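Structure record follows, encoded as structure tokens.
First chain written, first letter: the chains are A, B, C and D, and each begins at residue 1.
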Amino acid sequence: MIIVFKHDASEEQVQAVVTRITELGMSPHLSKGIARTLLGAIGDEKILNAHPVDAMPGVERVIPVLKPYKLASREFKRENTIIDLGDGVLVGGPRFEVMAGPCAVESREQTLEIADILKGFGVRILRGGAFKPRTSPYAFQGLGEKGLKILAEARERTGMKIITEVLDADDAPMVAEHADVLQIGARNMQNFALLQRVGRLQRPVMLKRGMSSTIQELLLAAEYILKEGNSLVMLCERGIKTFEPATRNTFDISALPILKYESHLPVIADPSHATGIGYVIPPVALASMAAGADGVMVEVHNHPEKALCDGHQAVQPAPFHDMLEKLRTLAPAVGRTF
Amino acid sequence: MIIVFKHDASEEQVQAVVTRITELGMSPHLSKGIARTLLGAIGDEKILNAHPVDAMPGVERVIPVLKPYKLASREFKRENTIIDLGDGVLVGGPRFEVMAGPCAVESREQTLEIADILKGFGVRILRGGAFKPRTSPYAFQGLGEKGLKILAEARERTGMKIITEVLDADDAPMVAEHADVLQIGARNMQNFALLQRVGRLQRPVMLKRGMSSTIQELLLAAEYILKEGNSLVMLCERGIKTFEPATRNTFDISALPILKYESHLPVIADPSHATGIGYVIPPVALASMAAGADGVMVEVHNHPEKALCDGHQAVQPAPFHDMLEKLRTLAPAVGRTF
Amino acid sequence: MIIVFKHDASEEQVQAVVTRITELGMSPHLSKGIARTLLGAIGDEKILNAHPVDAMPGVERVIPVLKPYKLASREFKRENTIIDLGDGVLVGGPRFEVMAGPCAVESREQTLEIADILKGFGVRILRGGAFKPRTSPYAFQGLGEKGLKILAEARERTGMKIITEVLDADDAPMVAEHADVLQIGARNMQNFALLQRVGRLQRPVMLKRGMSSTIQELLLAAEYILKEGNSLVMLCERGIKTFEPATRNTFDISALPILKYESHLPVIADPSHATGIGYVIPPVALASMAAGADGVMVEVHNHPEKALCDGHQAVQPAPFHDMLEKLRTLAPAVGRTF
Amino acid sequence: MIIVFKHDASEEQVQAVVTRITELGMSPHLSKGIARTLLGAIGDEKILNAHPVDAMPGVERVIPVLKPYKLASREFKRENTIIDLGDGVLVGGPRFEVMAGPCAVESREQTLEIADILKGFGVRILRGGAFKPRTSPYAFQGLGEKGLKILAEARERTGMKIITEVLDADDAPMVAEHADVLQIGARNMQNFALLQRVGRLQRPVMLKRGMSSTIQELLLAAEYILKEGNSLVMLCERGIKTFEPATRNTFDISALPILKYESHLPVIADPSHATGIGYVIPPVALASMAAGADGVMVEVHNHPEKALCDGHQAVQPAPFHDMLEKLRTLAPAVGRTF
């Protein structure tokens, strides 16, 4: 940590900070210049969370040097984390994984029909929301537990793995009973009660980046889960809020290589929620594979104009199949299997 | 709702949409031009939430016309909502209200000391967090129920009203027992489980705008609470995420007159979290009063350099007292009492 | 400047940086810790602009400590700069100044009519665009030199001072002949050729913040003008681009106190371009005065529905007069005259 | 264009708008509902630029339906524009093109050395700045005309095509004499004087997206050039300003397929300026090819630690060569040659 003093900080103010730093068990290194005095403080920066040196008189600002997360960092764990969902489905390994399915579980018939189609395309992970977070209270909110049971039936029928969102900490055990991967949605990325609850389950979790969260905040949210003892976390880039109105959000392609560099956790791309435009989803999915994502999550619906949720951004089975073919062609060129 | 067709939409595609609109009980009005065909659909637009006409072939985009919220709107209720906290403390009336106190309840001694000071300054609502949402899992997370009891003691001792955050839906009843106003923090603005839970309590709620939420999304989040039957909602502007690094967030001053125009609910400004800089808080508080806010929430700490949370953005009692004096001078010039 | 080394930087890499820093005439201060090595470099940081130490092996990042601007800073000049436009019109002094007028000079008749009205209201500075930067090439681009002559006639007739935009560096001398203040628009804030050209004229300049520019970038743009020898610069906050669609831009109210704190230059607020909504302009103008702005610029049009430019955001004379009355009431409460 | 009336608009107000629309030669279609009255106006929407119907009483808002640009749109020209730079270098055709070179022309020796290296790697277009737009007036501003002559020498020596930035409209003819492609930088995307000047030259132009410009604003800026008669325009995505601090800007990968869909103009990606991080540039370059870009521009420097400009974001020759090899492997998988 570096402490920058105000240009008119007094000698007493500087000494008071040096004393405080020393009391906190850190080692101070003072550099006095004509324009500014600097103080490097070497030691455990987390101590400073509870001791706001930046509020001391004479201090202009405090610049942290170390990463504020630990368990999620590649400095802590060098090798990639690979999450085993069973039956050879390994997220974060050499094989690129596709998660696909409707935005919401709308009915047993619709879910089984699309599951059969996706299974036939070679997709191994089925997505579908039973609990839906909706901006408007007047929008369809999901089938709840009934939806979970439909997903469980689809799993039994097709052998596909299931990923579905958990909205409420109280529902986490029930969702964990029916799903292979628990999804934490973007709006809940900083719902710390929920993060801690899924951190206490031994069940894979996919944590979506909040639409206004920095990459560092995403890693700190993952740290909440890891710290509780659950190391099976995958991260998901799904677009951030910007001024550009052409897409629903702005997909941050650079986040993919940065997350792979900073962290050992698998990284999934969600071009459906990021872009919200059917024809933009396949090129962004291909780009995500090229940029190093371990997988992609895509909304597919066989009758998008009847979808109860986000129909306009669903890809239909035929163009989705085209996209899979393109991903298959691309994979070996970037060193992946698929 | 207006449906804009693609420039090469076929006659059949247009007719299919007209038929669908009619089936949904809306009244279609077709306008054919050389470059584009438009279809105005008059009726209950909420029906469209579950019927994505924008996914039908030939449709370029669908433009909603009506506001998606109802109970929160001034079209629904003309006169200002005034929330009575008892003992003459009315939020949303002619008197400007100041909520002040430490970021977190750190100890009984600290809380009672600052409560006494603020009471002496004429502040009528005490803030203080017992449950703290923190970006880092290594930061101080609050005293929990013990903190609530300290706040209750401060209330009894000073007669001040208490506002404190509820983080977890399960804690809502316990918090409601000790607090006069339940605060929903920015990170939880779209925690729909929590919104619905506080919507079922008959207790005033202050809903903070998410740092990446639009004004419309804030009003839709308020709608979740109102729809459950709790009409005692106040809105809080606390800054949005932008590219500007000089302040913690960018305080959206325009949101104040827009919220007052679009909604009947009281509007509070929080310059502490928005700016994160001590010397910027008083001018933004004054600006908020001038722009029409019904009150302001400010973090005050008597020993900011020892604060366990956000010490750098806390105002000390002396400059806070100056700020109150300036607000008192300003109030009559903008038609408020204080 | 502080240099943070990678956690696995070698001793040789660290020494190479120490040697480079010393060669550049700076004084190095090394702090070695378990997790990271830091190097404080004390001296003229501008040297580093041409010597990218951050590209040297082993360096993780370089953190500047000093402000990159000098002439614009309050450390360089303590007292407020007051710009004298003649006849007692002093921008940056105790009197709050209002600049008002139409978006564009559309005709001689329209301009003189509105100038007479504004003069009658006590406004002392008339705004009006002769050269208009328009996002679309199909929009009205201004009357050019003819417009300048109309403005000069309005000045002669009313005694008001004139502010108008200069778009092209080549036009700067011609505009300077007719105008009291040259305006640099938001889209040209980093048109460095234009900044340098107006820097060589001894004529007051109002520099508008670019809609995607940080406060620091605005001060660096001002530095371009100051460095050429023109010290008559006023800064203008006019809103930044964010995700919020309710307003044209997001007015950054915090920028007002920050600019006043960091710089000695006068600061003007432009709520018209920032918000683009008629009813939001007066409360944001009042808020700007309360937050410490030295003046406000507002678009006023007597027939907005016939305006050739930005009619929807123009305030009509009657509500503008109301706004002036409110500013007059507010001014003494915040220590200004008006 | 659709006109939405306020819920309490009077019959007279509605009729006044209908009359105005009719006078303007547009065809009005009125739809009256219980909650709102709508008016569809079919005709040339550009007329409305000069006739702000949204300022008429009773109007809530006006929603444009047609794209505001024409010459840049794919509706106007179906087939891809291919820009022939001579010697078989065709931008926008099946072959992916790489533009590479240093940020700035620093010296004859440095430029010829890097040109020889890049030529050896098969790169056909050399970039290098002679005029540098720099945020700080204290940073290196480029060699000017001397730099242009060095670039011309590199062209003669290697046969490579040259792309370089033009900053000032007055310099455009001089730059056009020495360069094959004129670059308009992000900060000048809305420097309309400059756009018009290069529009009058018959020389290829690469127009970079402003860091706060929407995709639509980029296309409108291209329209300025096209409208003057120069149809040789390529567009360049180089990142937009967002709240994410990990990268210099946020590369908007979705802009690539959207620009290709909306426009016939070639699209180039610039991952160097977008990300500013050496290790992030190659994956974003690969992603850009996968998402449909026609080429990529990358800053390469053989001694980045001595670069006078942006050394930290320059890729060194060896990793750049690796990146080219990966692009060569990827190209056939996405249907390109390279």
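Methods note: contacts are C-beta pairs under 8 Å (C-beta built on N, C-alpha and C of every residue); 3 or more make two chains touch, one makes a residue touch a chain.
These numbers were taken from a predicted model, which means no experiment stands behind them.
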**Request:** Between A-D and B-D, flag the pair that has more C-beta pairs in contact.
**Result:** A-D
**Prompt:** Measuring centre to centre, with centres taken as mean CA positions, what chain is farthest from chain A?
**Reply:** C
**Prompt:** Distance-wise, how many Å sit between the C-alpha centres of chain B and chain D, to the nearest whole number?
**Reply:** 39
**Complete:** Per the C-alpha means, the centres of chain A and chain B lie apart by a whole-Å value of 26
**Interchain centroid distance [CA atoms averaged], chain A/chain D, Å** = 31
**Complete:** For chain D, residue numbers touching 2 or more other chains are 212, 240-243, 245
**Request:** Sort out for me which residues of chain B touch chain A in the complex.
**Result:** 46, 49-57, 68-69, 133-140, 167-170, 187-188, 190-193, 210-212, 217, 220, 223-224, 227, 240-241, 304-308, 310-312, 314
**Request:** Report the residues of chain D in contact with chain B in the complex, numbered from low to high.
**Result:** 2, 4, 7, 27, 29-36, 38, 40, 42-43, 63, 65-66, 75, 241-243, 245
**Item:** chain A residues within the chain D interface of the complex
**Value:** 212, 214-216, 240, 242-247, 250-258, 261, 274-275, 277, 279-280, 283-284, 286-292, 326, 329-330, 332-334
